[in-house]
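When the chains are written out, they are named A, B, C and D in that same order, and each has its own residue count from 1.
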Amino acid sequence: MAAQTNKQAFSGIIPPMVTPLLSDNLTLDVKGVQHLVEHLVSGGVHGIFILGTTGESTSLSYKTREQLIIESCKAVNGRVPVFVGITDTSIEESIHLALIAERAGAAAVVAAPPYYYGLGQEELYKYYWSLADQLTLPLFLYNMPSHTKINIDVKTVVRLSEHPNIIGLKDSSANAVYFQSLCYLLKTNFSLLVGPEEITAETVLMGGNGGVNGGANLFPKLYVALYNAAVAKDFARIDELQNLVMEISTKIYTVGSYGSSYLKGLKGALSALGIVEANIAPPFTTFDEKEMTKVIANIKEIEAEIAKVL
Amino acid sequence: MAAQTNKQAFSGIIPPMVTPLLSDNLTLDVKGVQHLVEHLVSGGVHGIFILGTTGESTSLSYKTREQLIIESCKAVNGRVPVFVGITDTSIEESIHLALIAERAGAAAVVAAPPYYYGLGQEELYKYYWSLADQLTLPLFLYNMPSHTKINIDVKTVVRLSEHPNIIGLKDSSANAVYFQSLCYLLKTNFSLLVGPEEITAETVLMGGNGGVNGGANLFPKLYVALYNAAVAKDFARIDELQNLVMEISTKIYTVGSYGSSYLKGLKGALSALGIVEANIAPPFTTFDEKEMTKVIANIKEIEAEIAKVL
Amino acid sequence: MAAQTNKQAFSGIIPPMVTPLLSDNLTLDVKGVQHLVEHLVSGGVHGIFILGTTGESTSLSYKTREQLIIESCKAVNGRVPVFVGITDTSIEESIHLALIAERAGAAAVVAAPPYYYGLGQEELYKYYWSLADQLTLPLFLYNMPSHTKINIDVKTVVRLSEHPNIIGLKDSSANAVYFQSLCYLLKTNFSLLVGPEEITAETVLMGGNGGVNGGANLFPKLYVALYNAAVAKDFARIDELQNLVMEISTKIYTVGSYGSSYLKGLKGALSALGIVEANIAPPFTTFDEKEMTKVIANIKEIEAEIAKVL
Amino acid sequence: MAAQTNKQAFSGIIPPMVTPLLSDNLTLDVKGVQHLVEHLVSGGVHGIFILGTTGESTSLSYKTREQLIIESCKAVNGRVPVFVGITDTSIEESIHLALIAERAGAAAVVAAPPYYYGLGQEELYKYYWSLADQLTLPLFLYNMPSHTKINIDVKTVVRLSEHPNIIGLKDSSANAVYFQSLCYLLKTNFSLLVGPEEITAETVLMGGNGGVNGGANLFPKLYVALYNAAVAKDFARIDELQNLVMEISTKIYTVGSYGSSYLKGLKGALSALGIVEANIAPPFTTFDEKEMTKVIANIKEIEAEIAKVL
């Protein structure tokens, strides 16, 4: 085992940035990237995570992924740290994306388990250790069992946290026992970020480092305020803001019939607010008019309510 | 839909009582029941839940289940409310158990979905509505997807909460997004209790009504203190007690190789503390000597640590 | 390990008998049982399996299960062997049902794994070995992973086949690799029966002993003829009959929206043919009129086609 | 819907070719490709499928995938049709690989569902229809639910079979009911190939078009002979050869602890027979010495047995 080094801690709201696309649903909307980055940075976020699940990473061609890394880092221009998703089934492609990220000035990379074959925990451990050995940027583990078919078990995370180059975990499992077990077992210089925005408040209250919340693409200030309220243990404020987050969760992310409703709803709402276009890459398609009408009505209502408290 | 009535709220620590068995692993240990009930009631618990998953309900014969209901209610003697699990694949048997429970003086019954056939949400909704119609005691829904193969979806819970006889939900899913969605969508006169003790503090902080925590069989006072600290939002105390709860979780419940480790560890620890015997019903078996030695050493250590803070 | 004994082999079509119920959806329809038994025996079946998944075993009260055992055996009156499902989560109740079965004159009992807790293979192995030790009738294992959450792995079946009292396996997994592995690894004095009627022909061709086919409740002669054609390797006849079996599968079992369509369709079709009433026990409900109309039309068409070739 | 065209039928044994790698576990072993292609073609196979699950497609970089397409087609040189896997989460990359395949002279492409996001059947249907619209080579669907998290449901296959450019399905589900339903519902000009070699005989007997069998990398003649025996309905020969196939299945593919045992065992055996090196791409690793010793002993024994009957 490598000696434990002083690892940099990351905390706060780090939105998983959606990927703005042109109307062919494939080509990067570079102006959209610039506009969205300004929206996020001016909203006070503590970092930006590109090429995650919300960023449709796996649906994008490699060329587009590279372009997104470069354009995002350029637009951010060092104002906040950029985290780059390098999740892939081919370790060579992951390492290549990490290289692009490093050259572009990213702060860290993030990798979910390779997601085609079923892996055992020992195989997963060896994979991550070997990947971290070959990276120069620090690595966040990314637990996303619903999509990758494997949970990075508590014991595996603890073992991997010994690697000097593995600095944190983004957990999107929504499993609260898993989260508490990690809080209890991990050393303090390991960053624990959670995905689902519905639980940012409670995980920060219990010792988590922050949230990688899709809704922060829409209203970065709302999520930053919720994070601050949780850090301050200001329960009146938490209640007020958590209610708004739940309104987004229940009225924007569940309009359609499938798991894709989250992504379609989020991009639909971003378009309704004039932030980026709703275009979405295959295998998904943008909401049709009926669903979009509902999303537009709901997000306008929510926007008005947020304006009252922020 | 039936008109919403004034439903009784239940809150606090309501341990899922283990079922003390004699050494044939089948016969109820009546003295053990009496001893354990005293241990729990004198530990300050707010209620007792018998015939749950921790109580090995489904492994017991119907005769033994009936006997347990009667003996438990007798031992409790009205000091705290008794909740009786009536989970079954046969609605007739569920209703029959509820009748026994009512006669014995129980406060409410608790039912997980019928767990053999795969059900659709609409089928599940109709099942629960019909069951509640046929019960005289109030009913708690019991969400336990890992064991029943079906999640009681948020929308189904909300629809069922309209039934005047359905008064709450015990959620053992550990899914924090599910819990937050219910907190947001449900009316306040519906009790939300959570199963896993690792998340009692955070769910109470966020608006939950309490915990149905297996570890409270061992140390009822610890869990009651944690609940009180969460209600009081006393974070220093929460941290101190949460640490002890996590120690039990990581050192007692994960000693063996399978999912049954929780039950085997819990009963093993109860036996090590002289509370009840470790006997366990088929399809499980008590830990063997090697695992038991580990459990004994760990629980003694934890007992000493708890003594320092309570 | 016990010495291998000479085990009785069972083969042919052994329908999983539906349980005729009165219009309260709970009470056994005793006349229906007698009528259905005559229909099956006169149709030439090689045995009758009661209290399986198709028989709604887990939905019936214990009283009703006992009554069904007694009435079925009485109606069969030794003309064909009766197999009795004793699947339960409580080993005491399984053993009790087996006792009733023995007294009533059943030939063997059939048990799926206990289906509430998640088990490991070693736990499952010990459970079955212990159960078989306590039974006087011979035992068939019953693999039904979609309902029990556990597959009886190939290695576990092979180990259990060493028990002198475990004489066969009913496999409802539809997993053809699993079946071939068992054919290859098991000794010949172990009966392999398969559940899904769509694959009776191919499994018999490849060495299986027969089918436990729900559709044989409707048309016992069709399934017996298909079995005979497979034994005779008469492919022209197999093609002709397999087509009819697939017509039942695609036009009767998939009319509704959920997994329960099989049971609802089967009972609906039995009612349309005047064999038994369509009543079904909770948690399911009989098809509504619209679905029933479709089932009636389809089964009448199929009945006419079958009449042409049998 | 497009008009049904005359689709080319493919049948026989079409091995999913392993990808020979150099000792860095990443670089294509071009000589290995040439050697393996000769071994397969001279073994009488009816086609070669590259970049499937057995071919570690998703573990290879795009550059390596392209190189493999070009080298394989060159080595085959038109002697048998080449099928190229284009499975990817990015439709752009799938289309690009199909273009490379077409230029290299491949006969068809094969695509499993995009495997990161969870899809609904309607989303899957639209995805495949759109993909087929954009391809010039004919397309095989590839059902691999254990790896892609989605089953291509029977109704979806039937709807997709109407596309003039979708000519068949490779099914690796091992679900015999699924296979029978497709045989019954699909028009005859749609090729049904099955993955698991354990069921090649039975599916060909029942109307399937052939097998995409990993073991044919080792002993192409054995699988061709089994296919021929099944076509001829020669049961004595089927029994003899099926036994050997099952010996490979049980003694080579299950030596290790995880799902990866199949791939590790297959490549280990290929190396033992001097056909290609055992090198395997991350996230997997080659068997260690102990496991390899077992594989070597077993494959030598099997080789000797095969020599007696072929």
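To be clear about the criterion, contacts are C-beta pairs under 8 Å (C-beta built on N, C-alpha and C of every residue); 3 or more make two chains touch, one makes a residue touch a chain.
Since the model is a prediction, treat every value here as computed from it, not as a measurement.
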Co-neighbours of subunit C and subunit B - touch as defined: none
Result of counting contacting C-beta pairs for A-D and C-D, higher pair: A-D
CA centroid of subunit A to CA centroid of subunit C, Å: 49
Chain centre separation (subunit A, subunit D; CA means) in Å: 36
Shared interface positions of subunit D, touching two or more other chains: none
Chain contact topology (line, ring, star, complete or other): ring
Pairs of chains satisfying the touch condition: A-B, A-D, B-C, C-D
Residues of subunit B defined as touching subunit C within the complex: 26, 53, 58-62, 64, 89-93, 96, 113-120, 122-124, 126-127, 130, 146-149, 257-260, 281-285
Residues of subunit C that touch subunit D when the two form their complex: 174-181, 183-185, 196, 198-199, 201-203, 205-206, 233, 235, 242-243, 246-247, 249-250
